[in-house]
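Common to both upcoming complexes is chain A, partnered first by chain B, then by chain C.
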Partner chain A sequence: MRVAERAMRVAELDIQDLKISLPRVDGPRPILAGVTLSIAAGEAVGLVGESGSGKSTTARAVMRLFPPKATVSGTVDVAGRSVLALSGQALREFRGHEVGMIYQDPRSRINPLRRIGDFITEGMRDQGVPRGDASQRAISLLESVSLTNAAHRMNQYPGELSGGLLQRVMIASVLATEPGLILADEPTSALDVTTQEEVVAILGDACRERGMSLLFITHDLDLAAAITDRIAVMSAGLVLEVLPSALLHSELRHPYTAALLLSRPSLHARRRIEAIPGAPIAAYESGTGCVFASRCPFAIDVCSESRPVLRKIGVSQVACHRAEEMGGLIDYGALA
Partner chain B sequence: MRAGPEADGRAESVPSPAKVDAIVDVNSVSRVYRLRDAGRRNTSFTAVDDVSFSVSRGGSLGIVGESGSGKTTLARMIVGLEHPTTGSIVVDGVRVDGRARTRAARRARGRTVQMVYQDPYSSLDPRQTVGDSLDEVLRFCFKLSSGARRARTSELLEQVGLSQIHLALRPNVLSGGQQQRVAIARALACTPSLLVLDEAVSALDVSVQGQVLNLLADMRSELDVSYVFISHDLAVVQQISDEIIVMHNGKVVERGRTEQVLNKPNDEYTKRLIAAVPTVGWKPHRHGVA
Partner chain C sequence: MSTIGRVYPPSVFARARRFGWATTALVVILGLIVLAAIFAPLVAPDSPTATNILDTSAGPSISHLLGTDSLGRDILSRLIYGSRLSLLGPVIVVLLSSVIGTALSVSSVWIGGWYSVLIGRILDLLFSVPSLLIAILAVAFVGPGLTGPVIALGLAYTPYAARVVQSVAIRERNLAYIESGELIGFGGWSICTRHLIPNVMPMIRAQATISFGSALLDLAAVSFLGLGVQPPSAAWGLMVSEGEAALLNGQPAAALAPVITILVVVVMVNLLGDQVDKRSKRAL
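Showing the complex of A and B:
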């Protein structure tokens, strides 16, 4: 029933021109410079970028969590409701039941002094589910994230579980309240690669089965491409490109997306890495032009003068002055 | 100090007979930790289990494995921060599997092998400027005049792609990539014959990681230095190592030429490790319950 309800809506998450800045003695310092991003019901979107690009700030803004003293403009709608207008009890219920957040380090997010069972049933108990029913559901949720001996795990403490198992507990706890949207902020970056495979497979299955939307934040483009429907690439507080994940390597048009792919070493053949010169810049350092202009091999005069806006070209949205010609300039053969 | 362009490409070529001798020789090394479990019974944990390998002079060995596989314990034993329970380790002709008893012996070790850690922010002294931190190593290792140390400091900075303006800066104003370059310069200051890099590029952003990997490849062909490169990231290891060993639960499960192991793995665990790396067209699979 809830799945059917969700399918009726167009967008589960809709962020329009979100700007966040912090007060500094020399004036406001922008950290998000106008983020526009939407996720349809049941869709999985990967948000990819280097550190400081604003990925986590964007995800936290969906929960209406802002840094202290931040100035915010733009809109954030979840299931048609304006998140920025929420406060008090309505905000608490929204955070508790409408969206679920999965963090990079489950160990620092789960109370080490309470049992796994208490952690998972907390949200359900808050919704008024009787203790016995909540426990039964918690056990079946733990089984659905491939934990053996779930009844026994319920009585264990977080310190007794490995990072990979604890991240599954985190996923189970988020599924418990059946949110329409899951925000996963680098959920596997601290895990071993074989554990990562298991955890992203579990997370992907869980979202698909329940028709939940997923915002998956990562710095790994290939990982994002493998488990999401669309990819959004961020840098310096802006979304530079959005495109279908399956077409990442063949249809990308932004030079930054191409540069990110080229700067990763290949697993099977050694070639000299085409490293991006310089370091990623922050939103407040980006000036008036394109945020990638100073590091871009294709930059022309206009790139450092005016900022390109995100516009639709073919299957993608691209914020690049030369987006139309990039198809002929990027060496797609080197990307695969 | 700097070799000319004719030395380029040495990394790919076959080692000449003069370089065949080993810079590191690890022979049947095990490291067992004694623990007391919850019931206060004495138990033991074998972190490294009967590991043997050697690295030829000028070579680069990658050690890959997941957390708990024993790779960092092995690294710490090679630099002499820990000692094997059984077995022997010889670095540049000197045994390092016991304590360095004298100041001179410790100094000699420092000049032979140096380590670069994952997090440069915690391995550099936050109160020391870049210049002072390099100068300290030079004073420790060599008898040089202050003028000669200054010249050497500039040379080191240039080698790692930094410049004079960084001399007076402290780590907190440097980016992560710049900090790691300083850590590499500091490790190279006393011209060690071996560099042990423990997840040295893992904390860096993708674009900066590429720069540091290129830098490490260049340094090896320019300077007379060998690498033991430890990482969980197979693609990064492939970029920097001629040979690799794959570790699992303290044991070596597979070894060989890097491209051989990564393209035609024999061991089941190595296969699983490679299959779990996201690449073009990769899809995650659930392997079962845990």
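Showing the complex of A and C:
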């Protein structure tokens, strides 16, 4: 049924060739170099990449939140509406109803002087829900994110809750506005490893049950693969590969994705962790060629001359000149 | 509702221990002074304006605890009645400057750009004019009495309140939870009134308490110059000027009593202000 529903609705999020650059004395400096990404209604997509690759910038652009003085081109559509054209009251309503954002550090994102109940009900109260109803809904939302003793938590202050509990409160507050799309910007990075799993499961379940789309940003490829339908890999302000999460290990075609998988410890095999040689380059340093060319073991002359575009190959989309041959070049056995 | 347990409000003694006994004593004494001002007719032994030609400039006695002034009025009663105008004036000055200062600084932090530059320049302009001078100028326009000086001092104190609030508001505005509020779709007014201002409130309170002492002194000075509260009403500043002649004749009570009262109240309020300030810096 969910599949049928999905097919009927337009893409929940559609980003086309999004470019953001900042003015510098030596000319504009790109931070996003043409991101293309779409999420179907009810779909969960993981956005993975090293630090500075533009993951958060992309998520913030969906909220129409840009760095000061940035120049922006391309399109960002949420549920068929152009986000970049919004302003004033329409923008506030869009942020309040259409999208919800979950952050890395919930503690800094919640007013420390207000109670948990105030935090969750504030959005509803703002929309005219009576105090009693809002509290009732808040309690049931807190219970739905597996927070025990929800009624008591309502009267506690953020300082009295642990990071994991607070992140659940954050999730509940986002669910309260029933957005079609949730942007989760490294929601578990500040959490204890043991609570990470719970929070991710709660977030994934909440989205699935309500048919909400999810953009899940993380450094952790395996974590992303576990709760999302598709994975998008970013580097230097570009999406290099998009593929179904279930086929991550068997169907990946971009050497960068392979290198990312090799550079993390494996649970199944004892092997050396292979660091990617060189340092990650920023979008403005990438020149005209492929952003991974200087560090890619399979690079050929054309790689540093022209930039490959994202094209469809089998089940995935890959931005690599040698994508077709990669199936034979990558050692899939070592990726497990 | 819950089984975990409930929080009991701390007892008076628990609070006193937390604030420190010195601060508690300050609050209690100042509170008593305020109560005496409110219930002056019940507390004062005599009328503040009843003269007695036969008993002028008398020293302290059982019937007049602090003696009488040059018109035979009971000094203690005049002090108690005088506290009403002497305390009410600075309260209004502080309220006025805090409200205007907070509004100006928070709006300039929120809106930014040319608006914030404009507000900054206006505050600089206000800073450059001595507060007492503005108060005296106001008398020239409005006429003698407290109204003119109180409004004028309220404006003159605004830049001080605004600068202090602005410095903490800038920091608060850049905190992540404020941005989250914007991303939940709240308007600037909601965020400022519900989150930003409540969270910088300790600083506003501290600044207000500290300004109170200066405002009391400035208003007393205006009354001393004969431009503020008009006789036969009682106010501390006015009483000092009325007692001046007696002071030169070797009867210091009429001038010294209000001087010491002003001194004690201002010092106590400033000490309390320091405490409030310390607590606010811990809170922020």
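As a working rule, the second predicted complex is superposed on the first by the 324 of 336 C-alpha atoms of A that agree within 3 Å, B and C clash if a C-alpha of one lies under 4 Å from a C-alpha of the other, contacts with A are read in each partner's own complex, and residues count from 1 in each chain.
Simple rule for what comes next: a contact is a pair of C-beta atoms (placed from the backbone, for glycine too) under 8 Å apart; a residue touches a chain by one contact, two chains touch by 3 or more.
Given the structure is predicted, the values throughout are model-derived calculations rather than measurements.
Of the two partner chains, chain C is the only one that A:97 touches; chain B does not reach it.
Of the two partner chains, neither chain B nor chain C is touched by A:313.
Looking at the shared chain after the overlay, A:108 reaches chain C, while chain B stays out of its contact range. By the touch criterion stated above, A:247 is placed in contact with neither chain B nor chain C. Of the two partner chains, chain B is the only one touched by A:268; chain C is not. Look at A:152: by the touch rule set out above, it reaches chain C but stays clear of chain B.
Greater residue coverage of chain A by touch, when chain B is weighed against chain C, goes to B. Of the two partner chains, chain B is the only one that A:51 touches; chain C does not reach it.
Look at A:11: by the touch rule set out above, it reaches neither chain B nor chain C. Shared interface residues of chain A (contacting chain B in one complex, chain C in the other): none.
Residues 66-67, 175-178, 205-211, 213-214, 217, 232, 234-236, 238-239, 258-259, 262-263, 272-280, 282-290 of chain B touch chain A in their complex. Residues 63, 65, 91-97, 101, 103, 105, 108-114, 122-123, 126, 149, 151-152, 173, 177 of chain A are the ones touching chain C in the complex.
Residues of chain A touching chain B in their complex: 50-51, 146-148, 164-165, 192-198, 200-202, 204-205, 219-220, 222-223, 225-227, 249, 259-260, 262-270, 272-277, 279-280, 295, 336. Chain contact summary for the complex, chain C toward chain A: residues 1-4, 175-177, 179-187, 190, 194-195, 198-199.
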